[in-house]
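Look at the two complexes coming up: chain A is in both, with chain B in one and chain C in the other.
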Partner chain A sequence: MTQPLSLAAIVAVCVATLAIGSYGLRISRATSDFYVAGRQVTPWRNASAISGEYLSAASFLGVAGLVYSRGIDMLWFPIGYTMGYLVLLVLIAAPMRRSGAYTLADFAELRLESRRIRGLCSALVVGIGWFYLIPQLQGAGIALRQVTGWPTWVGGTVVSVVVALAVSAGGMRSITLVQAMQYWVKVTAISLPAFILLAVWRADPAAPSLDPATLWVSAGTGPGSGLYATYSTLLALCLGTMGLPHVLVRFYTNPDGRDARRTTVVVLGLLGMFYLFPPVYAALGRAYASRLPEGARTDGIVLLAPHLLLDGTSANLLSALLAGGAFAAFLSTASGLAMSVAGILDQDVARRLLPRFAGEDLPDRLGIRLATVVGLAVPLVVTWLLAPVGLASTVGLAFAVAASTFAPLLALGVWWPRLTTAGATAGLIVGSVTASLAAGATLLGFTSDDSWLALLLAQPAAWSAPLAFVVTIAVSLLTPGAIPPHTRATMARLHTPESLLT
Partner chain B sequence: MSTKPTATSEAYVAVQQSPEFQSLRRKFRGFVFPATAFFLAWYFLYVLLSIFAPGFMNKHVAGNVSVGLIFGFLQFVTTFAITFMYARWANREFDPAAEALGDHLDGSAK
Partner chain C sequence: MTTPTQPPARVRVTSSRRRAIRHLDRPVAEELTEQTRLGDVYVAGLMRAQLRLSASVLLVAALLLGAVPLALAIWPELRLLRIGPLPVLWLVLGVAVYPAAVIGARYYTRASENLEATFVDVIDKT
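And now, the complex of A and B:
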């Protein structure tokens, strides 16, 4: 059941990504170009890039799948994605910018004055990045299988190779260009078919009704839902966004604070506009197919929808557009994540180890290239070995780990002068161990039954994030002697508007 | 990026100790903390309603539109509106106030 049009659309998106990536090779020279695009990205382009990066497989395919299988009240899920951005903007973004740190690990080292905590943060960034990469690669596999019938490992491998080439070629500057382009590809790809399908539905006198009442399944029914699971996911989304390495770095690619704020306003507008469309696919899917065809996954409802309403070439054209958009989603999010993971592996591992094995005289950027390959190979191998659990829930686990580790570190680091190095370390360890054990158990499929334990493991954020906060605060209060010596100066720097001292 | 105390970091502390800075800081917290509390509460209310009052959320307003759908849409609108208000507030009120303070402290802090 190969659909040549869809395959062509996917190939086109991949080729465009590579072309822009290699264009970036010529324009990015300095190191700051490579990591933060020289801090010279205009708000509109940066906002498009941020949105392009943020709208992952979970948004393009997963949200519609959730609304399709659990009802329209699942809208709180995309709302939570945007809300996390707002929390990040008002509480964390400005102080982080003023700190002058490039990455979460840099910030931790600056604020807590400890190399060890830097190492811990670097390991966490890599871990969270991998957690988030897994569903992107799985999504690519699902999408490619749906349009070609090829086994799922092919899609993930294609995305990994394209991303590895684009990242190692041009770094942040070309990735920013690629992602900005991909946002508009995604919006076009999800909106145009939605309008056409809605028009088809209206024109059809025999069309089933799109009664929202039939869509409003109470959140209290079905496994994995209910008050606890809902609030847990909410907490993960609200707090987790600030701890996602590829999100925070974006606030550095603006020239100044004013532009950073303007960027965020545009981002929320762009994200809101995008999220209007996935529910349309879910609603049409519900109206036309209350049960999915054999072998199809709810995550594939977006790609399936055109075939429910139309047939022949018109259906193939629309689903080609959607398949291209979905691939743009996998590629842009995966590039941002690969960039962050590779950056950390290069800075904290490769640059220390490589000279020892290969001598001092290394070719330019060998480290970052090796780091990119390793950074993508690990999650790729994981996707070969594990069966996908559901795109939105796997992404939710990455948010949960971020909410249980970087959220306490950032929130308390920015707003609480009595934070100690011991407290932060204890909080990071407790948060990362509990949340990643729970996430690991879920990924391996230990949480399929309906017991309380399974629920607590599948949705760890509601207990692991508060636990990490409490441990951080308690240990800090118990070790008042371990307050970093320059805390006052650092805090003053974080909270003094740039305009005061420049 | 250094963690050692420098002339600049002493200047930061000096600025921070001034009463004008303290009032600037109150200004910031006075806006940001209530705004955060408001949007979190508004957001959690939507989730509470969709769990405990599905009947209310299902109520038809017109055609295919239900109360819950409007609520969901409003959530996006308010998120955007709050961000917009924050950016405007920061550009029009907070930054100028910070700049005025900067000019005022010029010479003593720099």
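And now, the complex of A and C:
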């Protein structure tokens, strides 16, 4: 069962990540000079970095797994992941860069002039970050088990340890160049085997056809439920992207608002190019094997596909390339998330608590190291305890929580001068409570039947996101006295082109 | 304890009218950075134009994308159409949406930059 080539590829990717992490300080000093010194991080390089961090386990393995198991209807997932950037571009890209905010919590504090709402946002970022880390760690477990037969907890643990070491050694995030390379590594790893497998399929006289009827599995259960699920998923992904902890940070490296927009356009192109390929594996998988071998999970179809069409060394080589690419996906997304979560745990928790227990003179980086360990240990333990749900579905729930919390805050914060601190707080609380209760119930498996209630809980965004918007607006209108005093100045700064302000 | 003293005599404080600067030829860019009412009016105009642009792009995207699941629900046989060996729906949902999204994004970016350029022109001229 063990495939030595794939294992070697995975080890190589992990070692490379660690090496870059330990040299991270040196490199990141150079690259930060790079963009402080001026507008030299071009939209292309920045866009590659954004895409490199964004394409996660859900994209690399999950999309193909979903399309394989549930049909072309699931193409809405990659469409949503991509369209999220269109919504982000149109609603917040340039104003967010102009705000100068580095994180979501920074933006909330700056726009609403309240420390309390900053705390609330920080808690939410940690929650969503953990939620999003779970499927990354599960994906690693599935991938490693596929190529070695080891139990699934091994993969998640390996990724956690590598990310913790890399992050606490140097910090992966500031290394724009490395994340940019990650994108091209992932695109190569997913496209090259796809082209080869397609060529093999075309050349094979006895090849099965890609019949739409076999590609199409049932669209849903109850009347209208498929339609509801599709719209809800789309809404969650389109609105949720802007609220993910590791997405907004990268916009800060753009020189100005105009470049933030141009970068996002390139991101759309790069993501679109990547998402052409995962469905190829699903289609070939379905054509060659309508049922998976015993013990394999549908999320592993990408790694399995080469063995369905080829055998011997060629299959192992392709599989190794894919396994390496998949691990690159887990590591880059997980390190971006771990940095976001650890940054907040360090700033808002550790720096307040540690001096109480340890006195004032603490080692320099103790806080951030502890925060990294805690930030990764929590989701890791959760993956040990929880029965794995589909990767793309879990990620979908994280998007739903983000869409019901940060989307109203950001969209209204950027465009609506009458937003009040009370309104934003109420919206965040209502959105986070409803969406995370629904997500929790689904993950813990309380709602495995086909009822409408189960569907509403499994796909909460269609009702929880509009609810959060309505609550935010209504409470803001009821508390006109709580409009932050500098709202006009802030709004002017968000929307005025930089060239006028120098 | 304290000996009551006379409060200092009242002095009328006024500005010298002759030396007051009249603000007629202030550049509008200054109004923007200094957050005057006039600056607010300009920024509010720019924001309205940008919001209208953003809303129309979102609306078109939502209508185009949103129509597909509805069409599939009404005419399920659309799923079986194909061109050559590939299902049509695959070509639409798996391939064509992405260039379409990039085209939409480019259109938005250009239009938005044009709005800003016009705004900068107006400010620089006044």
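The definition used in the following text is that the second predicted complex is superposed on the first by the 463 of 502 C-alpha atoms of A that agree within 3 Å, B and C clash if a C-alpha of one lies under 4 Å from a C-alpha of the other, contacts with A are read in each partner's own complex, and residues count from 1 in each chain.
Definition applied: contacts are C-beta pairs under 8 Å (C-beta built on N, C-alpha and C of every residue); 3 or more make two chains touch, one makes a residue touch a chain.
Here the structure is a predicted model, which means the values were calculated and not measured.
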| item | value |
| --- | --- |
| Chain A as common anchor, with chain B and chain C clashing or fitting | clash |
| Chain B versus chain C as contact partner of A:P4, first or second or both or neither | neither |
| Contacts of A:G100 with chain B and chain C, given as first, second, both or neither | first |
| Which superposed partner A:L234 touches (first chain B, second chain C, both, neither) | both |
| Touched partner set for A:P151, first chain B, second chain C, both or neither | neither |
| Partner chain(s) touched by A:G445 [first = chain B, second = chain C, both, neither] | neither |
| Chain B versus chain C as contact partner of A:E113, first or second or both or neither | first |
| Overlap of the chain B and chain C footprints on chain A, listed as residue numbers | 72, 75-76, 79, 82-83, 85-87, 89-91, 209-210, 212-213, 216, 219, 226-227, 230-231, 234, 258, 261-262, 264-265, 268-269, 272, 275-276, 488-489, 491-492, 495-497, 499-501 |
| Of chain A, residues touching chain B in the complex | 72-73, 75-76, 79-80, 82-83, 85-87, 89-91, 100-102, 106, 109-110, 113, 209-213, 216, 218-220, 226-227, 230-231, 234, 238, 257-258, 261-262, 264-265, 268-269, 272, 275-276, 486, 488-493, 495-497, 499-501 |
| In the complex with chain C, residue positions of chain A that touch it | 72, 75-76, 79, 82-83, 85-87, 89-91, 94, 209-210, 212-213, 215-216, 219, 224, 226-227, 230-231, 234, 258, 261-262, 264-265, 268-269, 271-273, 275-276, 279, 283, 415, 488-489, 491-492, 495-497, 499-501 |
| Residues of chain C that touch chain A when the two form their complex | 29, 32-33, 35, 39-40, 43, 46-47, 50-51, 54, 57-58, 61, 65-66, 69-70, 72-73, 76, 79-82, 85-87, 89-90, 93-95, 97-99, 101-102, 104-106, 108-109, 112-113, 116, 119-120, 123 |
| Contact set on chain B toward chain A in their complex | 1, 3-5, 8-13, 15-16, 21, 24-25, 32, 35-36, 39-40, 43-44, 46-47, 50-51, 54, 57-58, 60, 64-66, 68-69, 72, 75-77, 79-80, 82-84, 86-87, 90-91, 94-95, 98-99, 101-102, 105, 109-110 |
